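Working notes, structure below.
Chain naming follows the written order as A, B, C and D, and within any one chain the residues start at number 1.
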Amino acid sequence: MVVVIKKGSEERQLNNLISWVKGLGLDVNRVDGENSTILGLVGDTSVVDIDLINSIEIVDKVQRIQEPYKAANRKFHPDDTVIKVGDNEIGGKNFTFIAGPCSVESEEQIVEVAKAVKAAGATVLRGGAFKPRTSPYAFQGLKDAGIRLLLEAKKQTGMPIITEIMSVAHLDLFADVDIIQVGARNMQNFDLLKELGRSDKPIFLKRGLANTVEEWLMSAEYIMSGGNNRVILCERGIRTFEPYTRNTLDLSAVPLVKEKTHLPVFVDPSHASGLSRLVRPLSLAAVGAGADGLIIEVHNNPECALCDGAQSLRPEQFEDVVNRVKVMLPLVDKKI
Amino acid sequence: MVVVIKKGSEERQLNNLISWVKGLGLDVNRVDGENSTILGLVGDTSVVDIDLINSIEIVDKVQRIQEPYKAANRKFHPDDTVIKVGDNEIGGKNFTFIAGPCSVESEEQIVEVAKAVKAAGATVLRGGAFKPRTSPYAFQGLKDAGIRLLLEAKKQTGMPIITEIMSVAHLDLFADVDIIQVGARNMQNFDLLKELGRSDKPIFLKRGLANTVEEWLMSAEYIMSGGNNRVILCERGIRTFEPYTRNTLDLSAVPLVKEKTHLPVFVDPSHASGLSRLVRPLSLAAVGAGADGLIIEVHNNPECALCDGAQSLRPEQFEDVVNRVKVMLPLVDKKI
Amino acid sequence: MVVVIKKGSEERQLNNLISWVKGLGLDVNRVDGENSTILGLVGDTSVVDIDLINSIEIVDKVQRIQEPYKAANRKFHPDDTVIKVGDNEIGGKNFTFIAGPCSVESEEQIVEVAKAVKAAGATVLRGGAFKPRTSPYAFQGLKDAGIRLLLEAKKQTGMPIITEIMSVAHLDLFADVDIIQVGARNMQNFDLLKELGRSDKPIFLKRGLANTVEEWLMSAEYIMSGGNNRVILCERGIRTFEPYTRNTLDLSAVPLVKEKTHLPVFVDPSHASGLSRLVRPLSLAAVGAGADGLIIEVHNNPECALCDGAQSLRPEQFEDVVNRVKVMLPLVDKKI
Amino acid sequence: MVVVIKKGSEERQLNNLISWVKGLGLDVNRVDGENSTILGLVGDTSVVDIDLINSIEIVDKVQRIQEPYKAANRKFHPDDTVIKVGDNEIGGKNFTFIAGPCSVESEEQIVEVAKAVKAAGATVLRGGAFKPRTSPYAFQGLKDAGIRLLLEAKKQTGMPIITEIMSVAHLDLFADVDIIQVGARNMQNFDLLKELGRSDKPIFLKRGLANTVEEWLMSAEYIMSGGNNRVILCERGIRTFEPYTRNTLDLSAVPLVKEKTHLPVFVDPSHASGLSRLVRPLSLAAVGAGADGLIIEVHNNPECALCDGAQSLRPEQFEDVVNRVKVMLPLVDKKI
């Protein structure tokens, strides 16, 4: 960590700062330049509160050299993490399709979609039971009943299942769920993350709408520092000034995050745009960017004209995406 | 709600949409123009999922006319909400200072700061017991012990206290807390909001770093729809591209939010910038913008050089802010 | 255009607004609802200043139904625009590689890079002569001498050339340039756009760092309304809160913009990230998203260790990108 | 400047970088740590291209210690710049009101508004002659005729005038204008800035919609490095994700920019929000934040109901703002 001290700062204040830093167990190298003094902090700087130092009167700037995350850091774990879920190996050279409906609605629906996406090439089934909704007046999901229906679909198809958790209080309901999803709005629900760090299940951690890559990796670190190393990251779009798309899918983040961490990185093209007709191009784009997998919404209501064109694909559209992706995989050194 | 239908859409699909909307209990006015058809949806549109409609293939655009929030909406509650807390009346023509340390550290510290800010003009005491931290390796607060120390300071000074809640699981610990704060990162922790809707305590709801004014009011609506109408809003800075300040304090939001809602709106100048030397100008700016109160960090460590210049003011600096604000209040039709 | 009038507005003010709108040659349909009155404005609303209407006291909201751009609008020109440049056909089913150095430095450099990128598959040569630089102390390009060197490389290789214009005053120097580039910082330099509307050369219009898709298309409209229909759009990254990448490449914009307009859409993966090692994944991502071409920086300084890893690729790295893209093209219904 | 080198970089590449830096006339201090090597670059680093260094393969991070601007930097010019314009002294302890109509429309209009705002307390007259408009179909201003009308109003009232320039080609028309305004969209029109650096007139430089404080100061530096030190900065709102306001007025920037530079900083509350009813609260907020002046739109069309509520105030509303601001000035150590 490099701390730049303002020109003309009092020696007394500077010595106070140096003593305080040494009290944290760090060494300090001091270099006096013409216009400023620089302190180089050496040691385990992940314990240092950068905001606190930045706010000290005599400090001009602070820059981390060592990233604040350790367990998630590729520097210390150069090999890709590969996570076993049922017969799936997620991460490394493997490419994985997760698919299923936005919300679980009925046994007939979830089983039918599960069979359809399995036939098309998906190997993990998704479905929302607890639904985070901006409005208290909107449908909040089937909750525990939804999880029971997912487990029924798992029984009938053999597919592992993933569904979202919204509260520590519901954790018991997830005993037979294969992958627990943390939604974008809970990415910094630190109490939830800590609890999931004590779980033995893979955690699918979506990036928050306005969270930096570093904050995202720090949330992974919360889970991993509790002992659970099986974290899968998922980019789903960030908030920008552009109103035409619901969110801006940050595909530049994918190759960058994969440099920083050894964890698998997925992309959700359905939620990013909110438009089903953008799912195919954004899926191919995500594969080109180097994603380890896709999570895609698929519905089975051909008779429901309303659903045409929502963010969900029909099974045959999903199959078309899978087939095109398969052609691309050798270009990005992946296989299915 | 106005729904614009794409030119050349099939009549069948349009009729499906109209039937579906009518099934929600709304009336539909249809106007056919040269380049598009427009549907006017009349009735209680707060139940309509605008994202769902927007994602329908034949829909070009959707625009709400009625805001999606009702209990928080000034249209239906034109008078300012005034919230009684101890001897304080918060909102309306009243201006309120909340002050105290960032974190509760010891009985001596919290009692001393409480007495100092009371003498300077604060009427509510703040102090962090549960601290949301980006890093799992950072100090997470004294937790329940911190709340006990706050209660001791309340006993000695008579000031009502406010502190942040991070999990539904801790709610019992807040039984004697006067105002419960929901932090920016939990603004859309919907399970927590629902639970606080069943509380009889005022809720101090900070705006999320990347949340729109409408989402903020919808989070207030979550609490209010549960029966708890005592919500205080607090602007604390939003995330933008600008790196010089930690956050961009959105003071334009203050007069605008006060048009939209009858709830009190506070500003937190300490967290927005993270720099104590900006607290005074941003406090005066917030008063100019029409805020109903300020929440300011104050510390009492004159001997700790490290703390000089952090985002906390010393008591005499806080008193200086209070005195200047008092001169301004008649200009904005407020009193203390 | 739909104008929502506030509840309780004076009839006099409403009539003034209606008269004013009719004076613009538009028809007005008025619908009185329970909580608000809605005006539907019918006719050529591209002449209406939406900001002006939005700022009127009695107006609650305004929503365009018709886009404000006409010449650039796919609704009125459903077929893809294909632009002939030398032997190239740009747009439609064609995919085009533009490549060359960041700045033109010497005849030897530009001719050598031109030959290398031509051999690798590029069919248009890029090179900066006028360089927009944030700092007045940074190298500003070889200017007219740089253009002369580009023309020499064109003569020796037969490749058409593209280079950036920064001022109307330099237009004469571009007489033999094949495509004129407008940089991101000049996207709303309206005087320059108007002048280019009188040119007979294709204009390569980069998206501004913080400009919406609609503003970008309005800048294309400036050029087209002057009579020059040969506009090529180029996405090069937008400004967001994320500090890890220089800009966030908005690939969601590509399929969306291609729905809105018939103009070709390129992607610049070199400038978006500023990191050469991200050029390959972002190039493949751009192709997946449906881009009509790529503009890529290539350098020829194998002996200059400094340049390794800058945002420019070496020729053999560029060739590798070309070869991978060629495999992808059938997946996105494109050919080279 | 501090350059962090990646662990495991080749010594050959590192030496190449060090030689290159020394070739720029800088000294290099090298410190080898456990996980990385750090280079401290000492000397005039304003000539160093930080993007270039950042993009080098062996570089992990770069951090400036010295700001890249010199003439605009308060470190080298600690005293406030005060700019004489007619009888006005702008900057320092002075507070200045600039007011006038959005666009110049007629002699009667501009003279009448000029007299009204002068009576109310303004000392500089604003009025748009060249109007930057997003749409080519919108009114583009009276241009040279508008400037002639402004000069007529100047003659009749004695007020100095400010108006916006959009192109170098129009510079001759500004011979008798007192202050030349550069609009937000031209903040990085570097050719225009260079030309204005050769002018002897004060330049009123608005911040770009998505430009950082550092870029804004670098644009001031463009003008100042040409020899023109009379630059006035103006904050007018930045682009964020929030749709309720047209822009987010970044008032946190005001005290911060005044730390970084000795130049006067104004605020434009009219354009930031686009809503006249927000002009008063945002004006008071700007004064609280420490602005050196305000530029406010005022119109004189009491009979034009359409104009009610647009972003312009009526003269009596402007006078009310002036009177309230006068009460505040002692609180921020300013006078009028």
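We adopt the following convention: a residue touches a chain if its C-beta (ideal position, glycine included) is under 8 Å from a C-beta of that chain, and two chains touch if they have at least 3 such contacts.
All values reported here derive from a predicted model rather than from experimental measurement.
If you take chain A and chain C together, the chains in touch with both are B, D. Superposition on CA atoms relates chain C and chain D by a rotation of 180 degrees, given as a multiple of 5.
With centres taken as mean Cα positions, chain B sits 27 Å from chain A.
For the pair chain B and chain D, the distance between C-alpha centroids works out to 31 Å. Once the centre of each chain is set as its mean CA position, chain A and chain D turn out to be 39 Å apart.
Multi-chain contact residues of chain C (touching two or more other chains) are listed as 210, 239-241, 243, 277. Residues 12-13, 16-17, 20, 46-47, 49, 51-52, 54-59, 68, 132-139, 166-169, 185-186, 188-194, 208-210, 215, 218, 221-222, 225-226, 239, 246, 274-277, 304-306, 308-311 of chain A are the ones touching chain B in the complex. In the complex of the two chains, the chain D residues touching chain B come out as 210, 212-214, 237-238, 240-245, 247-256, 272-273, 277-278, 281-290, 324, 327-328, 331-332.
Remark: chain A residues 2, 4, 7, 29, 31, 33-36, 38, 40, 42, 60-61, 63, 65-66, 75, 210, 239-241, 243 touch chain D in the complex.
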